[in-house]
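Notes for the one structure printed next.
Per-chain numbering from 1; labels A, B and C assigned in written order.
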Amino acid sequence: MVIRMERLKHGLKLYCHYVSISIKSMMQYKTSFFLTALGQFLVSFNVFLGIHFMFLRFHTVNGFTYSEVLLCFSIVLLEFSVAEMIARGFDTFSQMVRTGSFDTILVRPRNEILQVLGSKFELTRIGRMLQATIVFLYAVLHCNVGWNFAKVMTVIFMIVGGTAVFSGLFTVYAAFCFFTLDGLEFMNVFTDGAREFGKYPIGIYGKKMLLFTTFVIPYALVQYYPLLYLTNRTDDVINILIPLCAVFFLIPCYAFWKFGVRHYKSSGS
Amino acid sequence: MITMENVCKSYKVAKRNAGFKAACKAFFHREYEIINALSDVSFTINDGEMVGYIGPNGAGKSSTIKILSGILTPDSGTVLVDGRIPYQDRINHVSNIGVVFGQRSQLWWDVPVIDSFELLRDIYSIPGNLYKNNVEELTELLGLQELLRSPARQLSLGQRMRCEIAASLIHSPKILFLDEPTIGLDAVSKIAVREFIKKQNELHGTTVILTTHDMQDIEALSKRIILVGKGKILLDGSLEEIKKGNANIDETVAELYRSFEI
Amino acid sequence: MRKYLAFFRLRFTMGLQYRTAAIAGMTTQFAWGFMQIMIYKAFYETQPDAFPMTFSATTSYIWLQQAFLALFDAWMMETEIFDSILNGNIAYELCRPIRIYNMWFSRSLANRISRAALRCLPILLIAVFLPYPYGISAPVSVIHFMLFSMTLVLGLLVTVAFCMLIYGLTFLTISPQGLRIMFTSMVELFAGAVIPLPFFPEKVQKIMEILPFAAMQNVALRIYSGSMSATEMEKAVLLQVIWLIILTSGGSLLCRYAEKKITVQGG
């Protein structure tokens, strides 16, 4: 146990070292950094405008009001951008496999994920995060949530769980790189797609979609169910804790990654 | 000590034929072929030896290095490096080896080289004193004084390679794998790199395995040569044995390649 | 003409080689279209009277948009061109006996068409067989279909001409990345890629329809499903032609200026 803790502490320290170098090298290209961050902001801003203009025409969707949808949109965006900042290194992982830089990671005595993620920390996602925060604040001010301790905790759990789900998906995406380098676009449905379509409460997509996102890829656990609680559609306190269950999603994702690394080591792709 | 016994390794590669029609056909049905990168490779390398591993492109040199450094798992055969099985005990294994891939960089492109070194210190958990001594020694021997403060992108290829080699030795590994370390370097850098590797071997008894296409590297560094072709070891012997009389080394090797039809 | 055709073949063959990529791309677009439709369905069910076009016209719009995504996607600018401008490789291209504007134009065109050619058929095929009102309905009339084809081509030309203008502007700035980001987000919103233009409030829509962005995918996709009146169609086609002329002449002027600048500076 003590050794475990020691290792964890060490790993964390190393990760921070990676992050500081990442930021340092990013700051060599300040313009590029700001523009990319701006781009992140603008892309999500378009999504926001899409919602905004739809609600100028329609008043509710499936009973959800404009500000409730914004609450949903901003929390999902927050979850996504935190996950991206940490784990988007997996996004360019196909390049790492293609150019063979993954080899240099394998010849170092450290966990592979720590090294991959550390070397590709993405501060530029701050643009998206900023957008999410602004919209979130707006939604908080205009929603009749009736904030209390339980609800604040719900939001925090949503962000923790959501970050875990998206990070897990990025991990799966990267693990696919070990098998194929050119079918990866498909995974975007689950990452970018989930961000894009998670802007509306999952309930509007019908029963089947709700089942899928409850039991297969647990988006609904970090979006729909806790949202019902936040917007006072249910009093069931279980909804506060549901988002935390989504963290278990990381287990199969990690297993798949390990499987991928083993495959890489036997095929040398 | 490094031993490889009856090691085999093959890859499955999708066939790609040229032409529009072939592409259309391949869209629906794809053919694969098996490439034997290594078939029944065995050798032993003792501590402190310097071995040149040569052969034409695609002969299996990189596969061997990758297996020895724990990146690849062989299909069959046994591999032991200082009593460890590289691909099973990766983390433990790689803390004791150094690897230089001549065509890849392990330095951070945009930050000073010394920052990359410091990160490596944390990666390998090198004690403070040892790190300081090693950096001083490597700086001295490789002439890095002026380079450590500049980002890798501003260095010339030769300068960068010197830093790469230093980075691979910063945790004082007992074994050093060099995959084409002199590729694309100018004459001065080549000589500097060779001198250094030689010194490292003499000073610390580091075992060195080096793949290269540059026969002068081999001539300058290794007494022993292993020649691979089509995944097999064709020859394992000393430079003198191979070189008949006073023939030029490039010609000798070209002659060898011809005689083995590789 | 032959060299352009050869280039197109090359691109198409390259696209075929990456079979998995092509299939993955189609599946992605299909899933995307499907989810979009679910959203509009939810809105339609909540408030059918607020819908600016019929529901089946909306689904046709979405499927066509997915099928022909490669023709109009604003993000699909060519990194190679940006790179060649930045690192000065463009000097080589200037040596070839072909006008740089024409070369890039046809190259982008070939790129987009070959991608779309590979991907549109399966998506259209599936969408046609989806039950009403979720699939693509037949075009309203033969004339509508012909107009659709024509405006599709015009829209593609306008899109490429617009991208050319961005490439040209790159010469004048230090950071093409910024330009690219600004313009692509603008195109996305104003061309109707985020939500179809009829869903915008009327006043906003009036302004948007005059802009060049509306001359891209908007016209063709709406004509197909018959959500434009005859006068609207006439105006839209006219605007497409006008914008095409403005954008191409602006772009080639810019390119000529840039060529001169490069020759003077020596790269």
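Methods note: a residue touches a chain if its C-beta (ideal position, glycine included) is under 8 Å from a C-beta of that chain, and two chains touch if they have at least 3 such contacts.
Note that this is a predicted model, so its numbers are computed, not measured.
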Most central chain, Cα average position: A
Centroid-based (C-alpha) most distant chain relative to chain B: C
Chain centre separation in whole Å, for chain B relative to chain A (CA means): 39
Rounded Å distance, chain A centre to chain C centre (Cα mean): 30
Distance between the centres, which are taken as Cα means, of chain C and chain B, whole angstrom: 48
Per-residue overlap in chain B, given as positions that touch at least 2 other chains: none
Residue ranges of chain A in contact with chain C within the complex: 31-32, 35-36, 38-39, 42-43, 45-47, 49-50, 53-54, 56-63, 180, 182-186, 188-189, 193, 196-197, 200, 204-206, 209
Interface residues, chain C side, partner chain A - complex: 18, 20-21, 23-25, 27-28, 31-32, 35, 38-39, 42-43, 45-47, 50, 52, 174-175, 177-178, 181-182, 185, 188-189, 194-195, 199-201, 204
Residues of chain B that touch chain A when the two form their complex: 9, 11-12, 63, 66, 69-73, 75, 87, 90-92, 94-95, 97, 99, 101, 103-104, 106, 108-111, 115-116, 118-119, 122-125, 151
In the complex with chain B, residue positions of chain A that touch it: 10, 13-14, 17-18, 21, 24-26, 28-29, 99-101, 103-104, 106-110, 115, 262, 265-268
